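A, B, C and D are the chain letters, set down in written order, and residue numbers restart from 1 in every chain.
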Amino acid sequence: MIRLALLTSLLVCTVTPALGQPPLRWGGDSEGGAPFVEADPADPSTMVGFDVEIAEHIAAQLGRPARFVQIAYASLDQSARRGDFDIGLSGIEDSAGRRASVAASVPYYEFREVITVREGDRDRFRSLADLRGRRVATLGGTMAYDLLLQAERDDGITAVSYDDDVHPYSDLLLGRVDAVLLDHVLAERAMRRNTGLVTHPEAVAVGHYIIIAAPEQTALRDRVDDILRAAMRDGTLERIFRKWGCWNEDQPALYARVLGAAATDPSATAPAGVPPGTVGRAWEALPRYLPSLLSAAVVTLVLSCAAMLLAVVLGVLIATGRVYGDPVTRAVLTVYVEVMRGTPVLLQLFVIYYGLAGVVRLPAFIAALVGLGLNYAAYESEIYRSALEAVPRGQLEAARVLGLTPLQTLRLVRAPQAFRLALAPMTNDFVALLKDSSLVSVLTVVELTKQTQIFATNIGSWLVPGLLCALLYLAMSLPLSHLARRLEDRWKVATP
Amino acid sequence: MIRLALLTSLLVCTVTPALGQPPLRWGGDSEGGAPFVEADPADPSTMVGFDVEIAEHIAAQLGRPARFVQIAYASLDQSARRGDFDIGLSGIEDSAGRRASVAASVPYYEFREVITVREGDRDRFRSLADLRGRRVATLGGTMAYDLLLQAERDDGITAVSYDDDVHPYSDLLLGRVDAVLLDHVLAERAMRRNTGLVTHPEAVAVGHYIIIAAPEQTALRDRVDDILRAAMRDGTLERIFRKWGCWNEDQPALYARVLGAAATDPSATAPAGVPPGTVGRAWEALPRYLPSLLSAAVVTLVLSCAAMLLAVVLGVLIATGRVYGDPVTRAVLTVYVEVMRGTPVLLQLFVIYYGLAGVVRLPAFIAALVGLGLNYAAYESEIYRSALEAVPRGQLEAARVLGLTPLQTLRLVRAPQAFRLALAPMTNDFVALLKDSSLVSVLTVVELTKQTQIFATNIGSWLVPGLLCALLYLAMSLPLSHLARRLEDRWKVATP
Amino acid sequence: MSATLRVRGLRLWRGDRQILAGIDLDASPGEVVALMGLSGSGKTTILRILAGLERADAGDIQVPKAGMVFQYHYLFEHLTAMENVCLAPMYVQRQTRAQAEARAGELLGELGVGHRADALPRELSGGEAQRVAIARALAVDPPLLLLDEPTASLDPARRNDLGDALKALAASGRTLLLTSHDDDFVRDFASRVVILAGGRMVEQGDPRQVLEYAQHEETRELLQVERQRKLGR
Amino acid sequence: MSATLRVRGLRLWRGDRQILAGIDLDASPGEVVALMGLSGSGKTTILRILAGLERADAGDIQVPKAGMVFQYHYLFEHLTAMENVCLAPMYVQRQTRAQAEARAGELLGELGVGHRADALPRELSGGEAQRVAIARALAVDPPLLLLDEPTASLDPARRNDLGDALKALAASGRTLLLTSHDDDFVRDFASRVVILAGGRMVEQGDPRQVLEYAQHEETRELLQVERQRKLGR
């Protein structure tokens, strides 16, 4: 029956437009899914959803045919600026940052950010403050994520960002997170999909959906505002939202505010629950993401240092075995070095984490450490072997005629002199390991690169996160390079 | 109006089941989309699609309530074996390999693999043979992909694998590929979505959808077969497929064959167009994937060698500048080394490929080569610098009093002696570069790791592709290690 | 193991060159035996074989634990002079650092390089390095001491100091085997001289005897006896 | 630039040790000047300054293009003896390989190491390496040749051959400045001897004169004149 209404509205938009009018290109993300925008399962060439109907209503009012343009959710703002479409609507959240970078309409829907928990936790976890020390999930790049980042500082929760709105809830059921914060539209959809969950009706915050256009398209934006206001007055919006089961008592209040506010003052309609500028340009988002980036950098640093330590110790043992060992030991160690060095570390990490799971279930961080350590040990051992073999023979002969044992010779004469030769390549490897450690994100360890990705996905831009990530890596490697260079300079004095 | 019918069938399945009967868990992938399985946009907690209706029909006939279980398409076989669901259906293609690993029903739908091309190419490209030297796209992990891999050998086309069924067609419009081979259901969906495309009606091959169950569930499978046969006879299937617009004249012929064949001989209903075992266990798939893995390995090797060459040449220049240069040169080069070494190469690749696109539009391979080369040059230069500085001062003084210029000293005395010290770390770096070169897949270069991923995605398992990938990398690095070790041994004679 | 050295039929080829063609050599505690011979005649090679650094192709060797001073000092490049001398006493003989440093200080002082104790090898002059290397070998006080051209970089004064020190060592029961090109030094301080030529021992005996009245053509050539006569020395 | 060497007021400190305390030195073409002095007295340092390898703290230097033979030979470790000798003629003087090898073969032959032309430095005996290094320096035929202890590892016969070769070089108009601890060699082949002590030149003149009748306490100590008297030499 709802399909009938939809067909009617489709007819309207394909029949009414004046011939010769350019189509109204409207952008949205069909992966966002129902009730926003989704390909019609019965006819995937057409879209269904309340945003679709609103877009088509606007097109009809403008007397232009509607044409849908698929745009990834995270790219909507950029695409608007580039002019990939005329208007964009796809559950786009209002924010001061967005208002600063694109032309934004008045809000046409008010949503509540709500907390969903497992049924058993219904009374324990009623607010973000109850969730101190707990993991709270949400969809990245949304106002909800910004709220969680704030709560990380204020309430001591841990924010966990997902790329879709399904897994936060499934992981909630599995106990991987203890709550989900998302808007009530998505929460209701999830409640229908899953049993054993409960959503607290209280709003943690309130937000609004808006329509965006290229910054210079203020005239179009004003027309859209007029059409939206008219649709609020004449019940068109109410009819659409009712059809999609999204109508509630918040909307008339919103409409009253919008219709009451001066049309020339868009800030009057700015979202209520969120401080202005929380979702927005990257630099503004920076202070909120910096703490998590810094702690991810600490993970990277600790992991790299521990893995390097393991690699150095093992590398010394392997190199010693290859220089001093009997032929069998040497052959075995050579095979180890060639295999570990010659095959991808990613594969080795998988084998250690998943392949060995039957024998020993290593925690992700330990598996990452061991995997990187074992891999880099092969590289280090080659460096040490070569350095040991470059120590002049006379030095070893002198040690031998003095009666030093081979081990003493290694420790007191050979290794100290070889270390100088090994220092620069070792520093290289440590600096490379800092970056290589990002591979362990496949084992669910969140380190600097992964956190940068999360940041970038959430703000929809790579520029600032990438720059920051590079700076953080640099900040870790520079002191090391500096130290190595100073050691080298000190030893240079001893070059004959 | 179709929604009404759907509601009816939903009512049927929730009303008829006897109380106390365990639900029939049926697995499918709702991301597969319409007309197979898709979340109802009006009520995302329920699924719609012909596979949904068939599943619910089977549940109803079994007197059990139907419960949907979301399973990723690529994991359906494994999940069936693990018993995550009772029966699976989601446009699952029949194949001998699948029949060998799970319990498979009789086919319930026949599809045709068809070729779609741009309108202008309608007459040029009518068959795979017409597409020699062209890129042909499809969805990975399907019979169509297997057909394309065969055509790579037989018809000299290039198979391009996608993870979804939207981008093959959009890239076809953009000219990135010249044809798409997919089943007619997906092709028709795409034709509705895009204009400017044309699909040849002739079947390149014919395949079937089947229902799967855990291998030991033969009793359940036999019941399913009975229900399907009854549904073929009484027109239930016809009604369902007609509703979803998928009925055609191929189906009555299929049903006649299925109903005519001995119920005890499932091989009689094996797919016609595909040789048995083409989709199936990894070892069987190997021969088909080997050529593309080998040519991806060649890409890796050529890219790594070229990038290493660049890195060595630049590294020598930088090291020379840092050892012999004036303070300004040295400072500039030190900054270069620290920045390039200290920041992620992935970021550098992005900057070169996308960031510089405004200035110079480098082809992906060249950008990859330059990016890796510039990055590794920083590492190499540190190795050379340290090795140059380790050459005993007496050697340089001897050269100087003989009247050699600094450049001659470098070339004739210092570099040859330093090279020995640099060889092992350099070999390390080359071996690491072979693996690091996989990062360039972000620039759309398909090298060994990327190709391995494609292979793994298509056959749904990492074991064999991973092993093979490791072996190929090893096969590239071993000769190199061997050569380096022999050079070292030769030079060892010259150690004082 | 006694401190007596006994070598019979030592032979060594390098490629197709026969370096040692059957060397017989004895040395007892209290002796200072000097090996002389043309440059390239195999003196260093003999010492290296006795020290266990090289293998002979044939021959019978009875050799006590030997210390050695190399023709090129081979001081440990990363350690100071003092540390070079103390290393073996501390780690091989398990002396305390204080003990080792006291003895090392004495030795360096005797050899006239006490003031350079804190210098790294590369900061030493040729003669200083040579003397530190001698001190390093003396510090472990081995029953047999092999010295390869210990006087090469020493001025006459240091040479005599060294000669006196070696004589005193021999007198205390050590066996000393050294090579030298300096006939004055050998005449003054060796108790026996052995002349090598063509990979063989051609003559041996009391230095004054052998060096003044050389019997063999090779010895006379080595010492340039005719020329010295001619110059009236 | 003339082949005349002229040094005035050369001073050098290392840390707080004054190594050179004002050295004045002259040498003209045809001369073979020998520097003598206790080990550590600064002989090598003077040669290194003249070769431009070290900077003095004060002093006036007029020095022609100089070749140098190092106390430790510093042969190029990765090249054979022949290649060591040919390198500079080929790359500095742009001779053809054939020319350079012919001359190198002559030089190596004269110095008695022609048979070791294809050996790497580490395969040479001490004296052989020293002679190859001398050949390498002679091959470029510089107007001033600095030789740091060229006789240290040479047997008396080789020493005399070298002395003759140096004298011939001087006679052909080259200037030669060498250091040595070997008073016999200096007496036989140097045209002038300069005695260093305490960072200063204490005496110089005809070697027979200076070495036989040393005026200065330092010279007498260096040459151990009293001891030699006592021993009756």
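The working rule: contacts are C-beta pairs under 8 Å (C-beta built on N, C-alpha and C of every residue); 3 or more make two chains touch, one makes a residue touch a chain.
Keep in mind it's a predicted model, so treat the numbers as computed, not measured.
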Show which chains lie in contact with chain B and also with chain C. A, D
Hop count on the shortest chain-contact route linking chain A and chain D comes to 2
How many Å are there between the centre of chain B and the centre of chain D, using C-alpha atoms for each centre? 73
Express in whole angstrom the distance between the two chain centres, defined as the mean CA positions of chain C and chain D. 25
Residues of chain D that contact two or more other chains, please. 72
Can you pull out the residues of chain B that are in contact with at least two other chains? 394, 495-496
Chain touch graph shape: choose line, ring, star, complete or other and state it. ring
Those chain pairs that satisfy the touch definition: A-B, A-C, B-D, C-D
Could you pull out which chain C residues touch chain D in their complex? 14, 36-40, 44, 71-72, 112-113, 116, 123, 125-128, 131, 148-149, 152-160, 181-184, 188, 221-224, 227, 231, 233
What part of chain C is in contact with chain A in the complex they form? 51-53, 65-68, 70, 72, 74-78, 87-88, 91-92, 120-122, 136-137, 140
Counting only contacts in the complex, chain A reaches chain C at residues 394-395, 397-404, 408, 412-413, 416-417, 420, 491, 493-496
In their shared complex, at which residues does chain B touch chain A? 1-4, 33-35, 38-45, 48-49, 189, 192-193, 244-245, 338-339, 341-347, 350, 379, 382-383, 385-387, 389-390, 392-394, 420-421, 423-425, 427-429, 431-432, 435, 438, 449, 462, 466, 469-470, 473-474, 476-478, 481, 488, 492, 495-496
